[in-house]
Each structure stands twice: as structure tokens, then as C-alpha cells.
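Here you go, one structure.
Labels for the chains are A, B, C and D, by order of writing; each one numbers its residues from 1.
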């Protein structure tokens, strides 16, 4: 029982990440009708916002390393520690949450630049062309990051107060066996609140209303004389921020490297298809569902019956859903069917 | 189909057809026929003033940083062979036949290639080196799958391959090849070296949970550790296979919490190890007490680049490694000094093994007095040397595996610099990690191809 | 643009194509690509792309899982080498057959959907095959290491042959693939490519080819014209799967090894890139695209700083470092960056790929005399 | 005898009754027009005939056989061809190839694996294509890419494609919509000529000039129901028709 509860927690946590990525992807697809293969790269860029801020905060003086005697070696002492002592160290440990402040403008800018500079010219081109040009862009972005940060993962620490584990079981009176890392809980609540904000934004603002109307029927809204295109480029920026934040907050869980976006790319498409192309609630639902099912498929009890099931569960679900209910869980019929 | 009755006739058929080509099609001059005359061999530098080596390392993909370090070591080795710089380990190598004038008086040049850590790409790159660039030997690598794939190519093409980083027992076990040589240690040695240290540190009769990367290297690592620690009364509670590149391992880690295990062995490498270790520690495994003992995590194969990726989480974790730059023997010091002066930071174990392999090959050529791979291979087989950082070392003839001291290391609690991530816990002498060549049976294949 | 293809023109095209392919060892020399392995890669991936084009370029189905058939073809071929004979002919035939059957099953499932749903279905199935081949199916595939020949393989049909030392080489009725310094293997592959190209020309010009293009252009109209599109699309899928299987078999024939990574989705992505880069739906484009990408992968990736320094040695000292530094970003370990950039430029400015570029240049030259 | 017999056909979308107990019969060798205000269910009816959608109940009998539930391609192979309101042609292919596909479908059936014979060797089919393209004045442009044609040419091409299949019943969905008067008259002439060959036609049309020039029988559809059926003269004077049109949104 405890094992199952823990796996549900795992699934919720993983699902939070999947849902956030799929949410951004669906926003872009639903509004602009663009299949964005560079979406994983946005996740990766978000993660590297955290890495960059950490690097900036640990900008260091080189102090001669006396422990190395055979050659001139230096060790690095961050200025912040040099100037502020303990406070500096604490400040550095907060670099991941702090980088949210950096990531929002940066990702917004990247999103807008991407839409204005490239994606815009592909609205009328076939989906295959969109896939290909964004795929090319993803390769380029990832190679640039690799050239600047190397291929190795960059571990990110979490602030003292969020490190360690929480006794979740005790909170709900379920015994002491259900402990869970605090940061993962933070991630889950973070993803829930981002999802909530995006939905609230679309539901309760005029801007959001127009966007939703545009998602449902682009031509009609344009006939009303509303400049959809301009709003849609902002939506692209918004989607970039959402995926960027998803990546950024994930860095303490998964030390990011240049390839982290590609690792999530296929998966995020599967999530979107399972949820239904263009359906925001579908993307969220599918994200959590796939996260939980993936966790269950990895349990020893399941694997002993179906060896290797954890390797293919995601694809298996995608296949079954596509064959049985091609529009996805909550999708509209006929989206991109031809 | 045509059935050949003897090998001789088949060979002569091939020769005949080669002659036919020469007559019929104007074969471009770069396709100099090989292996036709007795004593001739592929890419014989002949009277050329230079000789070319190939360095085939991952330049893209997850192990690109490791590949970059290997490449630095190769460049350094070439420099030293050509008599530039301070000579590095050439000052300490025993026996030492290199003269600092290249190999056999020919200046050493090199070509590079990208394996992408994929067998196909690695073989394509190696073939380019052999067929186009005319290399006499090639080296490098960062995964066992690639090493094994490239090694069998070496055998087919008759070009010596000096493996870089490859840790699987298979490389010099069931997939050993006459033309492939491994200086690096393997999973069996990791187990043999770790077992006594683990018993001393963590006691007897522990309950072990394995998380194992679901492919050949992971399985052989798990098996080696299980066998080596069985003598200490360590029992396997469960051994779970995880998909390669799983990213988030949480669903594999949570079942450990209440499994009754008190030791977790992570049979992962590279990114998988970075992720699984980071996450295992997040789940508070190291703060747990199970069966009245402190919960422990063991990572049988460590590398410095992995340690960098895992950051804080590596502190205090035990594992094994082939070599570390803080070793105080003369050979290691000479190498670290030369490398550090050249690049400003100390070398990794991957760099070490690549550097040593290049020097060993060159030395074998000098001893054989020829580049003919047949003689060079014989010169390397059962060769004993010293002064290369791991004590007296034997290149065993039966399986082309080097036997040398193995290091047990621990993640440094108080690193003095960003390179000071691992501290040497124990240098396990060669005698303790040696095993019979029949333990992992395989066929080397012929000298002449 | 609308020049009508005639039998004569097509035959001429195939002849020129054959001449160009067969003379590769000569004209590729100045490019540093005239060595057997790379030329084999050119023709094998060219063949793969030709087959892929039948599905993607003609029928309009974008498969992201075609590399799976390469893998299946390779595995089947290596198993024939291991169990029966080192002769490539039965091995390749078996490889093509098995990949055809595999394609039939996969195609039957995936073709129930169209558009991006089809793409994702193929992607999912191919990734499943890859993951299973990498780990669970290791007894069949030898997992990460890849399926290799070994000395103690049975090779039942070759038993009469007295074995020499070492593993025997793959051969074409006794003629080793590595003969003529590897050139024989190249010519075998080249012959298969030319045959495969000819077949694809015939398919394109046939009424079957018209049906495929009809499906790509307007599937509705096909249905209301009394045509059952499913079997046509499935045939195209199986044919292109068999081409891929053939390519995989040839890979194993010249280099008897089969690894799971051949089946990864990025490998499927690569053939999409090849086809687009060369020109979707054109006959020759995919072959060109395959050659360009393989050239980058093998030649560009091998350019290191010392090569660059040699190249720029005519410059003054200070400039050399700058030029080498900048160029190094794009070659050697940076070759992926160059590929990505080039790819984006092609998709943005030349949606018809290299073939469109050639057409544009041709038109520019052709127009001038007319205007005079 | 009647070639097409529709009886008791119903179709609802959500709560909306698109077809309400439709009964209609098209006699062999006649031109039968189906008229009615917008949203009366005319196109839905055609869709139900060609198998694009399946009626909730009722039967559609063609040539004595119930075709409800048959696949669209089977229905076409049985002898029903349809010209769509917006031309459905193969936009990326040449006019010649556009013609070859229906000709091949007519000769070889729904599926035939024929990957080796060059389609430019199919001399008899090319002759037929020539003949039908001449009818619509497109033979001269036979190598043009169909997508680049004018709207009128696209319609004529689609008509030629359908005719080349030698259909027993030709369904036309507003064949003159958006055409200039001169073009419309040409089309009327063409359709008359086709009718004179004995091809049965069912035609949806808003333009009453076209309807009364061609139709021998007319069915009036309103709110998914056939309210009247008769000869043009009967329809002209029927009060129910006037009411349906005036009560409807527009004429």
C-alpha cells in the first residue's frame, strides 16, 4: 500500500513536469497551429537559465591552489562568498528559485524572438516543414549550449529549507513509511500553480478570452477585426516561459545537460497526442496520467509479470489511445486528421 | 552457391580478382593493395617520414567532455613521442625504448574522429581513419559497446586498436580480439577491489539492493559485485533493471525505501549514474537507518567527470577507479605535471589510459623494430612494464587485459578545488584483482588477417 | 517545371545516375571522400532515402520510425551469416523478407491514422522496437554491444568449406566483400542502389505511382473516385520498409554487425533530413541528401584544429588563431551545429531542397538565351 | 425504373435533424434536381448517398442494391460519381495525371498492384483522357499542374474526371456556383450534352435558370424533408415551395 502511494507521488511529480511541457506545446499548437519540435529546447534553455545564474553568482576569483604542487593550479572562490561570507553562501544556494526572476524575461524574449524571427514565416507551410525547421532550430540551440556549457551535466543545489525529505505519511496519519523529498513536493505544487495561473489567465482576462476564441475558430475571430497574430506571438512567449520554468525548477532533480530537451521532446509529443491535440486540459490530464502509469509500470511486481514494460509503457499507451480514440482523451475530433 | 574446398583456393581467388581489378579498372592510386606480398601489412608507412595514429573519441553525445579529455591526452602523447615538451611518463616508463624521435624514427601525426558513442558511427569513423587516412593504430572510446564493436573491426581490418575507457568484462572476455588491447580495468576487478574495502567499511552481512542499467555492461557489473561481496555475507534483496537514459529514477528508488535493504549499489554509468545518485540522495537514503545500520550507497565505477556531474551528492560515496591524479608515484606525477602545464588542470582517468595506451603501442613498435601488427601484437602480449601510474603492470597475452593496481576512492568531503573530488581510499594491489583468463572465455583470433 | 517525363528521358537519367554512382571512386577524390566505407555509406543511405521517398515523397506519409526496418534487416542478415552462410545473397534476401513482413505488421497498425498521428504512431512503434532490442531482446539482438559474428557460429551451409583461422568474411559467391581493398563491396552496394533507383523510377512512372501521389494530394478524391487507399498506402509502406531493410542488410553485408542504435528515432529523423535536404518527392534528391549528410558526419567531424591551422597557414600568425578559433566552432565536434544551420537554411529558403536549388540555377541559365 | 431509391432516411447531428424521413427516387436516364433553401440538408443527402456519412436509418438503394454502410470507394465502383461544390481535384498533379487516376480506377477496380507498367504506355486510357479533356477544352493544357487552373477550369476538370468513369449516376453539387453568366451557359450546354448520352444526373443547384434548363424532375428539400416532388412546371406553381423559400433565410 505504501509502495503504491509512493508511486502515485512519483507519478504526480513526473506528471507535473510532463504536464507543464505539454501545456506549452499545446498552447503553441492550439493557437498557432505550429508543430514545434524546438519545444524541448525551450525546456533546456529554461534549465540553463538556472545554470547561468548559478554561474554568475559563483563568479570567482582564482586563488592559487596550494595543495597542487606539480603545476600552477587555481581554485575558485566566488566573489559573493568573499564579500558576504555565510550570507553569500546562502544566497548562492538560492540560485535556482532566484533564477525564476531571470528566466521569465529571458524566456519571454526568446519565445517572442523565435516566433517573430522564424516560426511566423511557417504558418502557411505544411506541418512537415514546421517540424523540420523547428527540429533544425533545436539542434542549433542545443549545440550552442553545448559549446558554451560543455556536455557534462550541471548539478544544481536547492536551498537548505527545501533539501531533505518530508514525512508525508505522518501528515495524513499513514505511518512513517512515506517520506518524500521536499523539493519534489515543491515541484509538484509549483507545476500546479503554474497550470492554475495559465488557466486563470486564459479564463478571466480579455486577452485570454480572445486567445481561447482564436484557438476554437481562428478565421471567425479574425473576421471580427481582432489582430490575432499579435496576440498569438505573445502566447508563444508565454508558452516559452511555461516550459522554461518547468525546466528551471527541474534542475535540482535532474542535473541539466545540453541534451535534456531532446530527452523530453518525444515524450512531450506523446503526452499532447494522448491528451488530444489542442486541448489544454487534455495535456494536463495526460501528463499526470502518463506520469502515474509510468511509475506503476516500473514496480517490481509489474515488471516480473511483463518484463521490460517500463521501457515501452509510454509508447504503448500512445499507440492504444491513437488507435482506439484518435482525438485523444479530451481532444476535439478531426484536428490535424488530414 | 559455390563451395570452396580449401582456404588456399579462396585466398588465391581473391588475389586473382585483385589483380583483375588492377588490370580492368583504373584503381585510384590511394587504393594501394595490401596484404598481397608476404610480410606486407595494411597501411605500412614504408619509407614515409611520418606515421599516422587515429584517435577515435566521442566528440558529440553524452560523453563528449570525456572524449575531449581523451583527445587532450592523445595530443600530449604525440607531443612527447615526437620529443617535444618534457616527455611526461617517458621519463618514468620501465622498460623504456622510446627515443623522443617519433616511432621508429618516423614523426608521429594523428587524425581525429567522432564516435558519437554509437557503434555504427564509431566503426565508420575508424574505417575512415584506416581506409582514407592510413592509420597504423587507432585508439579511444568511452563505452564498452563501442569498444567491442570497434575492436572486432580492428580484427577484420588488421589494424591494432588500443582501447580507451571500456569497463565491461566482455571487452577482454567473450569479445576479446587479437588486434584489441585494453589497459583500463574492468567490472570484475572493480568487484574484487571493492569487496574487501566494503566489508571493512560497512561490515559483513548486509542486504543489498541493485539498480542496474539494463544492458550488457550493467549486467556484468552487477554480477561481478554480487559475486565479489558474497564472501562477506552480502545478500541481494533485489536487483532491478532500469532503462538506459531513464532520466527520473524516482519510481525505481521509492521501492528501496521499505525493501529492507541497507546498501544500494548503482550499476550505472555517465548520465544515468549522475541522475540516479542525485535522486537517491534526495530521497534521503543516506540518512536512513535500516536493520540497525546506516544505509550506504556504492557506485562501483567512478570517474571524475561523473563526480563533477553529481556535485555535492558524491561526497563520502565509495567506488573504484583506474587511476587518480593525486597518486604520488613518479609516473603519475610526471604525467599530471605535463598535462597540467599544457592545459591548466589535471587529467582524468580516461585521459590517463589513453595516454598510456599510446605510449605502450609506440614502445612495442620500437621493441618489435617494425610497424607490422603481427610483431607489434606479440611485443605487447605478456609485456610487463612499470612507471605508468599503476605499479608493475602485465599485458596478459591470453586476453589482452592489463593487470595492475586498482584504486578504491571516496567522494571527497572537503574538496580543496573543483578537481579534488575523489580521494584515494585504498590502492588495491594487482594480485588481489587478478583472475584466470578462462573465467570469461573467448577467442582472440589469428595474428594474421 | 512541367517537363514531361518520357521513357527515353528516364532511361537516360538512370544511365547517367549509374555512371555517376559507379565512377564515385574517381570523382570523389578531390573531396577526400573516395574511400570504400564512406562510399558504401553514400550508396546504402542513398538506397534507404530512395525507399523512404516512396512513402514520404510520393504518398505523403511522414514516418518517424523507418530506422526500425534498417535494424530488422541488419539483424536478420547477421543471423543468416551466423547460422547458415557467409554468402550475402541469401542473407540479404532473408533480411529484406523479414523487414517486409515487419513493415506489413507495423504499417497495418499505423496506417489506420494519417497526418501527425501516423508520424507519432510510427515513432512510438519504432522506439518500442529500439528499447526492446537494446535490453529485453538481448538474446536475439545482443543488446548494446550489437549482434556480431563469432568463431563458433554454426554456419551450417558453409560447413564443407575448410575454415581458415579467424572469422570468415562475407562474400558474394566466394568473392569477398572486402576484396579490391573494399571496392568490391562498394560496387555490390552501388549495383543494388542503381537497381533500387531504377525500380523507384518505374514505380514513380507507373499507374501505382499515380495512385500514391493521388493519396498524397487528395485522399478524399481518391476515395470518391472508387479507390481503396488503404492497400495502396500499405503497399507503399511495405515497399519502403523493404528498401530500408535492404539498406540494413547491405550494411550488415559490408560490415557484419547489427546494433540497436540503428533503430533509434534520431536515426529515423536522419533519413527525413536526407530526403528533405535533397528534395522531397524528387527521384535523385534523396540520394543527394544522403550523401551530403554522410559527408558531413564523416569528413567535417574529422577536421580538428591542427588541420585548420594547416589550412589557414597562408595567413599571418595573429589571424590564423582567429580563423582557426571561429572555424573550429563549425567543424570537428561542432559539425552538428553546421548540420543544424544548413538544415534550417534549406527548409527556410529552399523548401524543395537541393533539387530546387539546381532547378533554379538551371532556369536562370536557360532563360537568358530565350530573352535575347 | 428508378436507378436510385432513397426511402425513410434520417440523420441527426447532436440534436439537429439534418435529414428527416427523406424519400426520393431518381429515374434512370433523367436529370433530377434537388433544390431547397440553405441548410435544407441537400449536401447532407449527397453525403449519405456517396457513403461519406451513414444515415441513422432508412435505405439507399442503387441499381437494386442497398448501399447503406458500403465504403465510399465501393459506392463509386458501383457507378456513382460526384462533382463537389468546391472542386476536389489532385492539385499537385498534372491535368493528365488527374484524368488517369479515375480512368485507372474505372478499369482496374478499387485496388490493383501495377507498379511496373508505365502509365504513359496505357495508350487506350490516354485516348479516353484525350476524348474527355477535349469535351471540356482542357486537352491543350494537359501537362499543367491542376492546382494552378482557374476555378472554372478546375470544375470542368473535375467533371471530366467523373465522366471518364462512365458513371451510371452523376451527382453534381452546385456545378455553376460562382460562375459568370457566359460560363454558366456553357456548362448548361455541356451538361445537356451529357444528359443526351443517357447518363442519369442528380443535381443540387441554387440557380433556377440552370435548374429549369436541365431538370426533368425536381425535389424540394426543406428542413431535411422532401416537401414536394414533381416536374418543373408543377414545382413552379406549388405554394409549398414558395412558402419554403420565403420562410427560409434567403432565396
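Things worth noting here:
The working rule: contacts are C-beta pairs under 8 Å (C-beta built on N, C-alpha and C of every residue); 3 or more make two chains touch, one makes a residue touch a chain.
As the structure is a prediction and not an experimental result, all values here were calculated from the model.
When the interfaces C-D and B-C are ranked by how many C-beta pairs touch across them, B-C comes first. When every chain is reduced to the mean of its C-alpha atoms, the one closest to the centre of the whole protein set is C. Averaging C-alpha coordinates per chain places the centre of subunit C 45 Å away from that of subunit D. Rounded to whole angstrom units, the spacing between the C-alpha centres of subunit B and subunit C is 32. Between the Cα centres of subunit B and subunit D there is a gap of 73 Å. Subunit A and subunit D have Cα centroids lying 52 Å from one another.
Under the contact definition stated at the top, not a single residue of subunit D touches 2 or more other chains.
Shared contact sites, meaning residues of subunit B that touch two or more other chains, fall at 60, 64, 214, 241, 243. Shared interface positions of subunit C, defined as residues touching 2 or more other chains, are 131, 135-136, 336. Arrangement of the chains shown, judged by which pairs touch: an irregular graph that fits none of the line, ring, star or complete shapes. Chain pairs recorded as touching, per the definition above, are A-B, A-C, B-C, C-D. The touching residues of subunit A, counted against subunit B in their complex, run 2-3, 6-7, 9-11, 13-14, 17, 65, 67-68, 70-76, 146, 150-157, 164-165, 177, 179-181, 183-184, 252-255, 257, 259, 263, 294-295, 298-300, 303, 308, 310-311. Interface of subunit C with subunit A (complex): residues 62, 109, 112-117, 120-121, 123-125, 127-128, 131-132, 135-136, 219, 265, 269, 272-273, 276, 280, 329, 334, 336-337, 339-341, 343-344, 347-348, 351. Listed in rising order, the residues of subunit A touching subunit C in the complex are 35, 118, 121, 125, 127-129, 131-133, 135-140, 143-144, 147, 266, 269-270, 273, 277, 307-308, 311-312, 314-316, 318-319, 322-323, 326, 336-338.
Remark: subunit C residues 1-2, 4-7, 202-203, 205-211, 213-214, 216-218, 220-229, 231-232, 235, 239 touch subunit D in the complex. Chain contact summary for the complex, subunit C toward subunit B: residues 25-26, 29, 32, 34-38, 41, 85, 87, 89-90, 131, 134-136, 138, 142-146, 148-152, 157-158, 160-167, 169, 173-176, 178-184, 251, 255, 257, 259, 261-262, 297-299, 301-302, 304, 332-333, 335-336.
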